[in-house]
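Dumping the structure here so I can ask a few things about it.
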């Protein structure tokens, strides 16, 4: 499994509406509203070998109300 | 009480108009036009327990002329 | 409960050593090595009312090998 | 009068110690610990005509424990 | 006299057109196309006491084709 | 020859479409989808003496679906 | 194969020395000195399944003279 | 001729000392102390064909008191 964090900027005033949509999106496991430059932090679990760029482009950026994304790849989880 | 700083980018040429609106917004205590990447710096006082994300999304981002926001949370004031 | 994300830059070559320390730190629930400008992403759960600045300063920045931190406050989790 | 905001990154674990020093520094009127990339936000009032660069360099950067500064100039306060 | 640098992002494909307009704008003394995140670097000389925020908002951001600005204040010139 | 890297942000959901256009653009030798703030990384080879600003403005920013660009100039290749 | 771009900041004045070392590092295929915030851009090819975080931490950050790194993951190359 | 802008961060409290050194450095034509993340803005004129990376590395980064540099290349001056 591959973990990624996607920070999302939404259209103005629509962060909570987008958060509700994101929660119901396949492969998205957590959604938080956050401080800073972005409105939301998404944590997603993808299958190994999934094209991450394609996932961001086709599944996250196309959610209604999304305005911008910033993607961080998690290389390894420590436990 | 909870203090937050919100840096605001406005639609082009509308910084002073937005500043005037922001000054009259509940919970906003200071508004400054500033150098750098953003046009305005707002200082706001919220009640403890207020959902800050909701305040930014519903009260600040919906002011006419606001284009982007960056939120800094003040953890503690030193005096 | 209060969720925060702390991105950590470590001394060069020490990211995995710091990750191992962070995992065993009280209140830190997840540690990932990540792409981008920082080496690690930490997810922490604090009690409501905890001084977050004090937690970052005294518990995270003092872990041996930490060089820099960037803190994001999660306002709300959507489920 | 000239208002400036100075965001300060301190040596690791020393943010609160620096905050206490900053509060007692002439011309510094407010000190907050903050989320994001910097540890502290200072608000300072300078006399018109003061060389701001000189103030930052000689008064703020020389406080023991300061590691980095980011300066925002307030052009105008709205009331 | 007060020197400021304004980095300008223009609408896509219009950097050179905006540069030509900027050159003819009062108080703008130099215009360069540049590498990095912005398209143009402007150097402007304002009278002491001019409200810089107002200059940026009303004179630069309103030039047709300007999309975003980043303002740096020069405190002092060394010679 | 002059090498430049151009990071490109595309309209939402159009990164792969823009990538396909970019690959067929003269002087563009590599196109990758990437993590972080931008969607694509382009590597371009220009003739010495080409006006790079003009190339970015007229050839890259005008590709349908491009929303923002960030340009890095390669001074020298080490081999 | 997995392509990554690593932007490297070196100790002051040592960019070309680090570039020469990097060129001879296994898995590093290209090294350029660049404009902007970093001194060097490295392009590396890793085997699928390699822990990228470990590669950055143990192979790149430990090169003598490296001071900071920024990692971009290439999801897909377009040809 | 090739124009470049180099933003310089200096060791704490040494910005004006570095500015004085920079002014006397060959090829440096202007030095300003500035607001924002960096302490100084340098404008330099290089001969066409000069290796800019080498100039930054060997002439600017080696000035005593320099801590970090950010380089912007001017592609064209508009007049």
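For reference, chains read A, B, C, D, E, F, G and H in written order, and residue numbers begin at 1 within each chain.
In this section, a contact is a pair of C-beta atoms (placed from the backbone, for glycine too) under 8 Å apart; a residue touches a chain by one contact, two chains touch by 3 or more.
Keep in mind the model is a prediction, meaning the values are calculated, not measured.
Residue-numbered contact pairs of B-C overlap by over half with those of F-H, the repeat interface among F-H, E-H or B-D. Mean C-alpha position of chain A lies 25 Å from that of chain B. A separation of 39 Å divides the Cα centre of chain A from that of chain H. Distance from the chain A centre to the chain D centre is 35 Å, each centre being the mean of its Cα atoms.
Under the contact definition stated at the top, the residues of chain B that touch 2 or more other chains are 16, 33-36, 52-54, 72-73, 75-76.
Taken together, the chains touch in the following pairs: A-B, A-C, A-D, A-F, A-G, B-C, B-D, B-E, B-H, C-D, C-F, C-G, D-E, D-H, E-F, E-G, E-H, F-G, F-H, G-H.
Those residues of chain D whose C-beta lies close enough to touch chain A in the complex are 35-36.
Within the complex formed with chain A, the residues of chain B that make contact are 52-54, 56-58, 61-62, 66-68, 70-73. On the chain A side of its complex with chain G, the touching residues are 51-54, 73, 75-76. For chain B in complex with chain E, the residues that touch the partner chain are 9, 12-16, 33-37, 39. Partner chain G is touched in their complex by these residues of chain F: 3, 5, 16, 19-20, 22-23, 30-36, 41, 72-79.
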